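To keep things simple, chains are lettered A, B and C as they appear, and every chain counts its residues starting from 1.
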Amino acid sequence: MEKRVVFNNRWLPYLLVAPQLLVTLVFFFWPAGQAIYQSAFIPDPFGLSTRFVGFGNFEYLFGNRYYRESFLTTAVFSVLVTVSSMSLALWLAVLADRVIKGSGAYRTLLIWPYAVAPAIAGVLWLFMFNPFTGIIAWMLGQMGYTWNHTLDGGQAMALVVAASAWKQISYNFLFFLAGLQAIPKSVIEAAAIDGASFWRRFWTIVFPLLSPTTFFLLVVNVIYAFFDTFGVIHTITKGGPEQSTTILVYKVFSDGFVGQDLGSSAAQSVVLLVLVTILTVVQFRFIERRVHY
Amino acid sequence: MSGMVEKRGVGTWLSHAGLILGIAVICFPIWIAFVASTVTQADLVRPPMPLLPGPHLVKNYLEALLSGGDAPVWRMLLNSLVMALGITIGKIVISILSAYAIVYFRFRFRMFFFWLIFMTLMLPVEVRIVPTYEVAANLGLLNSYTGLILPLIASATATFLFRQLFMTIPDELTEAARVDGAGPVRFFIDILLPMSRTNIAALFVILFIYGWNQYLWPLLITTDPSMNTVVMGIKQMLPTGDQTVEWPVIMATALLAMLPPVLVVFAMQRLFVKGLVESEK
Amino acid sequence: MADIKLEAIRKSYGRAEVIHGIDAEIADGEFIVIVGPSGCGKSTLLRMVAGLETITSGDIRIGGRVVNKLEPRERDIAMVFQNYALYPHMSVFDNMAYGLKIANVPKPEIAERVAEAARMLELEPYLDRKPRQLSGGQRQRVAMGRAIVRKPAVFLFDEPLSNLDAKLRVQMRLEIKALQRKLGITALYVTHDQVEAMTLADRMIVMNAGVAEQIGAPLEVYANPATLFVAGFIGSPPMNVIRQEIRPGRAALAPGAVIGVRPEHIDLVVPGAGLIDFDVGFCEPLGAETLVHGTTDAGDSLVVRIDGETPLPEAGTRIGLEIDPARILTFDPDGRRAGG
């Protein structure tokens, strides 16, 4: 895709790209280069000099039990957030698509959590689940279930998953609803005439036709769970108890700023860079497909 | 898929019921926060807390706005506004300019520049947090609006979006403008900008929310409480150890913090949906 | 107002040459139509005159001045595009005024010139509307108006009528011609429609595969096509091409040469009485005239145009064809007219 018509100007195009390029170079390529560089060194304890260790930081990193566990934690966390948020959103979208009257009003009422910051979402859920005063924690207590996510790693995970998924439902809902509304009615009517029941129609016709949207949301949600949920983790659990909710992005932060382990943090940044690149490539393939159809 | 199929009957009512249930569950945290922001601390520390609003709304919100945590919330809201607007406008300006150059000019390194920008497509600041912080610190950007804004305005998404938009503008229009005597600057201002109006507005909504909701970056870059943004400032108000916290004030702050972006979503719903769907295409 | 000279114009994209040297002289006030099939390079040629495409070699002179390196706005031209290319966010008035504003024409004069053009094109009630609120014909007029207000030396038209329906096309064709006559501005008009070319042109340039096959007045080109391509492209139905010798004893055709005859220059006679016989395939009665399609023994498909009142010959009948020898054109194997 190229324009046939272009302007001829010697310096103007450079002037136009300069601001973006400058910001990108200073705040993206320089830090990224810095991360790659630092990942090959270990600073001495007094921070006066550094020692070249090659891939030493990476060897140490993957030899480290906590880092490997953080990978697992991230995987569990992402899968839970993605699956719960997407399935709830799909369910709501199917319902909203079914009702003729008021689907606009439902949409309005369902999309606003998108605007809530992850950190604020964290605060809201923390308040409801506060082990001593939270209303839901209290209700669970009344039912004989002791809630204390500051002690129980499983409960902590459940809480950060709930808060993260809650915020993402509106996004998924919007895309699922748009996808559902784009399915030609004639296809569904044909299936109805063939005698398929609602749920049978859904699983054999609607869901397969929705697969581009589903796949797209899958990637977006994984990216969201990987990188955008820092605020949730930081406000609710700070990665605890005992690292049970330390996802990779949180670990880069806590090792770098709290633990002051710059070599390890830099190596982790590099690992995340690679992960992001992979996800971006997947995403980009998909973008290209969508653009060209 | 409603249409002719199963137009009436129990199915529809069940759907309404399901939706209302879903909305109730999704709105529950906000309701709880709202109720908590209208009662006293004493009402909250002895569970169960009340489920209906109390009489202390004005007092709690005033306290939040005027004294708040480390800094008064009005100050944090102002900082958030400056940051959000700075990020939004900055991103739009540098993206539309670079997209214009890449689409409408042929010059050396054009594709190289495009790929440089494109590589930042989805790299959130969280990933490269430590070195980016060091760069910002080296440049003396700590505790400044520049430091809050500048590192976050590089974004390939907006550039990509504008590029897509410009590709759909017919070549003949550019040619007509050239025959009319418009050079590249006039064409950009008189033709391209007005034609991008709705896309810019849609992008504005999305980016404003993005900017307002930033958390980690302001957390690192602002140590001076008077530079705190509200989304990160609320974290400083949370209980640490056994110190008592005024939950009503925190909840009032939380609601104040989410109000601007939520209002933007409600007020510009159509643009918001358009912006969201297009920026992910 | 100005004359245009094209001198050995060539255009290449990379190594592929798409225009292979075109020469033409266009007099001041003349209406020239460049006609040819799609992909023949006619639009490229026009866009080179407009300054929207660079010229690989050769010179374009407008009013005696070489304009090769000049920007479009410096060439004193105005252009009407196929899809009109109206600015969607501007009113009709602003669309027409935009070029004048850029040229820093004083406001009162802009208003006056736009009003004049609007009156001429009957656009006065629509000046405040946006292009999307107009019909196809009205948009076409706005595009014309935008060209007129500039008072250019040359009008350039790039298939301006191809987005209109058939009826509107005929009407706009007449209006464009009348307008150009009235304003006396040199016009260069590109189309693939030979009817448009025939009716509009003072002279036409018939292009094929990047070459100007013939330049001349429409009836001259029709009567005396310089090449087999022109003979086939201009005229509907096209000229008949006969590959065989049509009567023993006449000057023998060179091997590979062919004969061309217009459908209206053939009369139907009894078999054997004419120059050649053919078997009738089918007839198309069009009212005023009838087209009789058939095949000769050598396999050439021919069309004969007869008066609409004549009884239709039945399919399968054998009929003789009488051809006025003076109307017979002979083409060499390379497609050029034999013997000049």
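Here is the rule we go by: a residue touches a chain if its C-beta (ideal position, glycine included) is under 8 Å from a C-beta of that chain, and two chains touch if they have at least 3 such contacts.
Owing to the predicted nature of the structure, the values given are computational and were not obtained by experimental measurement.
Ranked by how close its mean Cα position lies to the mean of all protein Cα atoms, the top chain is B.
In terms of the distance between Cα centroids, chain B is separated most widely from C. Chain B has its Cα centroid 16 Å from the Cα centroid of chain A.
As a whole-number value, the distance joining the C-alpha centres of chain B and chain C reads 57 Å.
Averaged Cα coordinates give chain A a centre that lies 60 Å from the centre of chain C.
Chain A has residues 5 in contact with two or more other chains. Looking at chain B, residues 175, 178 sit in touch with two or more other chains. Listed for chain C are residues 52, each touching two or more other chains. Residues 170, 172-173, 175-182, 186, 190-191, 194-195, 197 of chain B touch chain C in their complex. Residues 47, 50-52, 71-73, 77-79, 81-90, 98-99, 102-103, 146, 150 of chain C touch chain B in their complex. In the complex of the two chains, the chain A residues touching chain B come out as 1, 3-9, 12-14, 16-17, 19-21, 23-32, 34-35, 38, 88, 91-92, 95-100, 102, 106, 108-121, 123-128, 132-135, 137-139, 141, 166, 169-171, 174-175, 178, 180, 183, 185, 188-189, 192, 198, 201, 206, 216, 220, 223, 227-228, 230-231, 234-235, 249, 252-253, 256-257, 262, 265-266, 269, 272-273, 276, 279-280, 283-284, 287, 290-291. Contacts from chain B toward chain A in the complex involve residues 1-7, 11-12, 15-16, 18-19, 22-23, 26-27, 29-30, 32-33, 36, 44-49, 51, 93-95, 97-98, 100-107, 110, 113, 116-117, 119-124, 126-136, 139, 150-151, 153-154, 159, 164, 166-167, 171, 174-175, 178, 183-185, 187, 209, 212-216, 219-220, 231-232, 234-235, 238, 247, 250-251, 254, 257-258, 261-262, 264-266, 269, 272-273, 276-277, 280-281.
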